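Here chain A shows up in two complexes: once beside chain B, once beside chain C.
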Partner chain A sequence: MTDPVYFIAIPLLTAFLLPLFGKIYKPLIGIIPGLVFAFTAYISFDLYFNLEPGKPVIVQMAGWAPPWGINLVFGEFSGLIVSLITFLAFLVWVYSYNFKKVGFDNSKKYFTLLMLMVAGSIGVVLTGDIFNMFVFLEITAISSYGLTAFYKGRDSAEAAFKFLLIGSLSSTFILLAILLLYKQTGTLNMAEIAIKSQAIDPKIKSIIAILFFVGFGIEAEMFPLNGWVPDAYSQAPGPVAASFASILAKSGIYALIRVFYTVLDVEGIFNLLLTAGLLTIIFAEFTAMRQTRLRRMLAYSSIGQMGLIMVAFSFNTKAGVFAGLFLMFNHAVIKTLLFLASGFLTYSTKQKKIRDLDGFGKIMPFTSLMFGLGAFAIVGLPPFSGFWGKLNMLTATADSNLYLVIALILVVAVVEIIYYFKVIGRLYFRERHEDVNIQKPTWNAVLAMSILALVIIGVGLYPDFITDYLAKATNELFDKAGYIKHVLPSLSLN
Partner chain B sequence: MQAFLTYSIYGTALFLMLLGLYAVLMKKNLIKIVIGLSVADSGLHLLFVAVGYINGGTAPIFSPAVAGTGTVMTDPVPQALVLTAIVIGFGVTAVALALVVRLYRKHNTTNIDEIKNLKW
Partner chain C sequence: MSSLVILILIIAGFALLSYFGHSINKTAGNIAVFAAAVLIPLYWFTRVDFSETVSFTISGFQMELGYNMYGKLFSLIVMILSPLALIYALGYMKDSKRTGTFYFSFLFSILGMTGILMSRDFISLFIFWEIMTWSSYLLVIFLGKDVEKTGIRYMVFSALGAYAMFMAIVIIHRNTGSMMLNDYFNAFGNFSTGTKFLTGILLMFGFALKSAVMPVHVWAPGAYSNTPMAYTSVFSGALSKMGVYGLGFVVINLFAHANLHFAGTILAWLGAVTAVLATFSAIFQDDAKKLLAYSSIAQLGYIVTGIGIGTELSIFAGLYLAVLHAAFKGVLFMAAGAVERQAGSTDMTEVTGLIRKMPLTFFASLVAIIALAGVPPLGGFVGKWMLYESLINNGNFLMVIMIFLSSTAAFLYSYKFLFGLFLGQEEPEFENVKEASPLMTIPMLLLSVFLMITGSFPGIVFKYIAEGMTDLGFHDVNWQMSVLTNAWGDSVNLQHVTLSIGVVFVVFLIFLTWKGYKKTYYVSTKDISSSGEVIKPEDNMTYSTDFYKPFERVLHPILKRKIEKYYDEFGEGIGALFDFMRRIYTGNGQTYAFYVIVFLVILLVFSKNIFGY
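This part shows the complex of A and B:
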């Protein structure tokens, strides 16, 4: 049995050792992160598939039993997210391992920061201690500020500074919430807080909930806290934008769900989440339609997807959580493919505008095909995996009797079709401009995109591949008493 | 007197946090914004330590001299948390200042109103 602490410890340790490896032999800078990501992906899949049903793997750090020590919980829900994160981190490495623009010195910084971000995100998902979650969230946040500011030529410092301002305000809110929670319950262990939080004065509890909501909402790209998203996504390198969508946003939404489903049960918080999610969808999709730059359009589309995920989780029903998890999976895989493909489509265009892409379907057939496939999948056309996510979302909404929300989701799907097909139309049905020079995708980028496309088509044709795992994760999330019982065998929920 | 002290500490902490937030939201100079972030953090740290204080408590260090004497100790957990939070705050401030340096080199100004290549 693998110890879940390796998922955090190995990337964290290697991130800081990477410059030393570079001193020994320069190509190691590119190879070592790949080995690390491949290994963590392998052990997380191994542990996840061999998990005994209803029995999460729990580790106590430094020999102190919970609630005093920090514990890591690798259950069916957190394990699913960790496996997804490690798998996508590996693909991001495959894509970016020899991108030529940056050279040796910069790729050292890039991979160090990328590994720190992955380690932090995995930590957020695994930890069972609320303060520890804050620390991992900060590791993730600080490394993503660095990644945003990676290219010196662009306006990346401006995007990163904006991200930093919002991010550090969010961490102040989270820290204040943790302080209030500690003052009220006298513990930091999430399972013990879950027991004791029932006795907290509802007024104070709602203050704590709002602080957490705002703090995590910033990472989860919630309206109106998502001003950083379009700038960070458009200024960061392509694979970084992909990993923000698939890794950073996933850990943000995980923290939000974990806190509101397991740790605190606050009256009305799900209505707030529903409202915020709906506003996020409306704002993002209609802004995406007006964008002239490809990256910004994808960023707004990503915000819209996250809004849909929030709506799905706000139903507080099993069908809703199942649909939300399916949408999370889809968003992680498909958005990564779209960002990776867009990285090569806009590689040699200066403005990164959509209208620069006229006729690229003929000169860059593979990348355009991949982009088209991703676009078809994300708007929810069969036979791609996006279809099943949207279908489950609609049935879950119908189960909760929210018919106006169904109407909204369908309207938004039409809006999505409009702006994605605008790009596809330019790719395939326009004459190309005279003076375009293109960048052929490297073989490793082709490999990464093909794997993602295969996953999208495979899950689209046989959704049973993952529905079992998603259903198990859903059950685990709702089994609050079971979570507490496993973490703290001596206490139980009254 | 004791109550006054307690409330004045809470009041100071709150005041510092609001002051920092004010600076972040209202000031135009990038350096001042970073200082504001740092001040808001300090207020929060003060609040942490104040919450962990127990009247008449000593430093939470366990030694043979205090064992069994019934001495009251302050709560060590918030102090440990504050240490971590200070380090994180330091890291964030360092990154923020590095970004300010890059922005200054590119735009030759630290006024936030003149740095508008992206939509704010």
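This part shows the complex of A and C:
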């Protein structure tokens, strides 16, 4: 059996060794990250598919048994997310393998930062130690700031600064929460905190919960904490925006769920999450409607999707978690496709405006088709995977008797349809402007986008490809006692 | 594999084949389309097993496909009209670009409709419904006209309708734990009043929207007239009938089961109002396509009225009108398309005098117009007869007056359509117009032959309707091949009617020929004298602008309040709200940090309320 430590250790190590490889032979800078991502994707799938039901793989770092040492937990829930992250990281690499515009020197930085971000995100998902989670979150965040500022322009520097500003607030709050938690329980191990958290004074517990909520909420793009998102998504390179949506945001929401489902025992937080999620959806989608730039529109739409995911998780029911995981899967796959396609669509337009894309369907048929497919899928039209996510989401909402929420989600979905179909209308049914330069997608980008498209169509036609795994992950998340029992065999939840 | 699944796969396969065929070259693509037009109905008529059901479970939801007789009736419309329209399209789209996309979307919308009619559970119904929606959207914006306005309007309204259904579906699932249509109908009686209303009204809204009932019809005029005419014939003829199909089972199964007849009555009233107002709007259109679009809305109004009343006879009449409407509106949109293609425009103030240039198109239009107007000896008469009778029987005299008003006013636009395009003066501008290609005329003529047959033998349609109605709970519906009866004991043999009209027609023709044969000489339309003035060829003697000006003046107060305006204003208001919301994202880092702090402080202040310790 492979050791889950590799997920973190190998990308982390190669990230720092990459400049050395570059000294030896330049093209290695492009190749090595691919090998690393392929390897992590391979071992995570291998580990995930060979997982014994109800028995997570637990690794103790440096031989210290929990609660003293740091441990990694690769279960059905965390394993699913890690597999998703590594798979998408690999596709992002395939897409950006020969990044022509930037040259080798820059691609060295790009891949170093990307690998750090992936390693950090995997760490957040796998770790069983709350402080360790904070450390990984910092790794992810700092590499993301770097990636945002990648183009070194005025705008990207500004975007990165905003991200840094908000991100450091997030770190502060999380750290404060961890400090308080440590003061109260005397441990940093998540399983042990889970046992001891029942005894914490409810006043202090509520403060801890709020600090975590705001801190992780920033990473998970919650309203009104998501001011950094539109700038970061639109200024970063296309594949980076894709990995923000599919990797960074996913680790944020994972942390949020893990803390509130497993570690802390606070009921009231779910109503708060519902409210925040609904506000996120409303503000993000309505703002997306008025955007004139493609990437900003996608960024707001991404926030809206994250809001929907939060709403799904706020029901605190199995149906809700199942729907939330389905939505996470959809968002990761579809948004990645949309960002990757938009990377080439706006490649040679100066202002990246939507109206510059008139008639691109004819001159960039493949990329436009991919964008169109992504748009159809994200608004939830059958027979694409987005539909099943939305269906499960709405049945879960109905099961929680929240009829008004259904109406609201559907009204917002109409708004979503409007702005995506406006873009499709321009791509396909408008005459193109005279002087347009285009950048033909490279073969590896075509490959990456095709794989994503196949996943979307495949899951759309036959969602049972993934529903089993999602159901297992849901069960594991609700099995708090099982989690504690596996991590700390000596202790148990009374 | 089940024949139903194979049918779906065949249609999807042909959609892909036509797309890729067209990306190779036109001939290959056209062969694929022609094969689709022949083989799909062939398979449906010969191989599909209507008693078969296919059950499967996807993502934990049980789904089932299978025909019932009610669905089969509507499938008949789809399977006859769409292949004819596909063949017509081969001629109509000959010189267009991107034909691959066109046929792909066309066949996918056929797939959607076929699927809807064989769905026995809400999930597959919804999936096929959405496939139908997006494929038809792609066709509405196909020509690139008004993409922002018409296209988005169509998509928004379709989405509203579909999502209303979606909401109903999940609520039903919550209450019954099942997605099957039958489980819903059976459980409906036990629902709480609120759930009854909520699900019933949401479903009705979704279906009524597709059948363009006022006040949610605003997408229809633009969508019908902007779409390539080859598809509009299906759009108006078959796709709008999916709404009628749904209304049928909602109204009958639910409101009858749970004694909610008044909801049906409201629907009937909406249908009647739609019929009247849309007819008035149709009268004042100068574009033949717009005229037909409004006329479609009006005709759907009759059908919805018939369904809404909910008695055996009214539903029978509604379904019969639905079948006929598919045929005659199919012909008329095809004819408008033929004129558009051959003469370059469908503006009735410009195009004129095409009767000698396009006699076959004229003949088909004439037959269709007679059927539309509901005059004997064609089939439309039969439908109107039954509808009036059912309304009178039910005591809805005001509704009778409205329908009567609307059918009478329909003569005005019928005449305008025929006169504007085909009669009137021949202009030199249109001297070189030729008859459309046989690919276009043959489908039109076939449909007109069908219309003529239904005039004397409506029974060929009655048979399927009566079968279909058994699934709505009306058994042993009486019908006869060519005899109409009514509740008061009168009966009319339609063959006699046809025969007498035919004899009069033939005698008149013989008389004309015999009387006028020797003196025949050809006159051009401007070979006339008027008070000593000589008419020059360029003078316009056609009275085709402001056709019904006095009438328009009278009706102006009613028609000036366009509901579109209110929707547009609403849209603008929402837009302003969105703009306001957008301001929250100021683009200023400090503001964002400030939001974070404020949010944290608010949560801390209200932590007691949130966590309730």
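Note that the second predicted complex is superposed on the first by the 492 of 494 C-alpha atoms of A that agree within 3 Å, B and C clash if a C-alpha of one lies under 4 Å from a C-alpha of the other, contacts with A are read in each partner's own complex, and residues count from 1 in each chain.
Everything below uses one rule, namely that a contact is a pair of C-beta atoms (placed from the backbone, for glycine too) under 8 Å apart; a residue touches a chain by one contact, two chains touch by 3 or more.
Every value quoted in this text rests on a predicted model; they were computed, and no experiment measured them.
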Report for A:Gly146: first if it touches chain B alone, second if chain C alone, otherwise both or neither.
first
Which partner chains sit in contact with A:Leu381 here, chain B, chain C, both or neither? Use first/second/both/neither.
second
Given the touch rule stated above, what does A:Met310 touch, chain B (first), chain C (second), both, or neither?
neither
Would you mind checking which one, chain B or chain C, touches more residues on chain A?
C
With both complexes superposed on chain A, which partner does A:Met289 reach: first (chain B), second (chain C), both or neither?
second
For A:Leu188, is the partner it touches chain B (first), chain C (second), both, or none of the two (neither)?
first
Return first, second, both or neither, reflecting whether A:Ala220 touches chain B, chain C, both chains, or no partner chain.
neither
Determine, under the contact definition given at the top, whether A:Ala209 touches first (chain B), second (chain C), both, or neither.
second
Which superposed partner A:Leu176 touches (first chain B, second chain C, both, neither)
first
For A:Phe131 in the superposed arrangement: first (chain B), second (chain C), both or neither?
first
Considering each complex separately, which residues of chain A are in contact with chain B in the first and with chain C in the second?
158, 161-162, 165, 169, 227, 231
If we count contacts the way the header does, which residues on chain A are in touch with chain C in the complex?
158, 161-162, 165-166, 169, 173, 202-203, 205-207, 209-211, 213-214, 218, 224-225, 227-228, 230-231, 266-269, 271-272, 282-283, 286-287, 289-290, 376, 381-383, 387-388, 391-392, 394-395, 397-399, 401, 403, 406-407, 410-411, 413-414, 417-418, 421-422, 425-426, 428-431, 462-464, 467
Which stretch or stretches of chain B touch chain A in the complex?
17, 21, 24, 30, 33, 37, 40-41, 44, 47-48, 51, 77-78, 81, 84-85, 88, 91-92, 95-96, 99-100, 102-103, 106, 115, 117-120
Can you tell me which positions in chain C touch chain A when the two form their complex?
58-61, 101, 123, 126-127, 130-131, 133-134, 137, 141-144, 147-148, 151-152, 155-156, 159-160, 163-164, 166-167, 170-171, 173-174, 198, 575, 577-579, 581-582, 584-587, 589-593, 595-600, 603-604, 607-608, 610-613
Which positions of chain A touch chain B when the two form their complex?
131, 135, 138, 142, 145-146, 149, 152, 155, 157-162, 164-165, 168-169, 171-172, 175-176, 178-179, 182-183, 188, 227, 231, 235
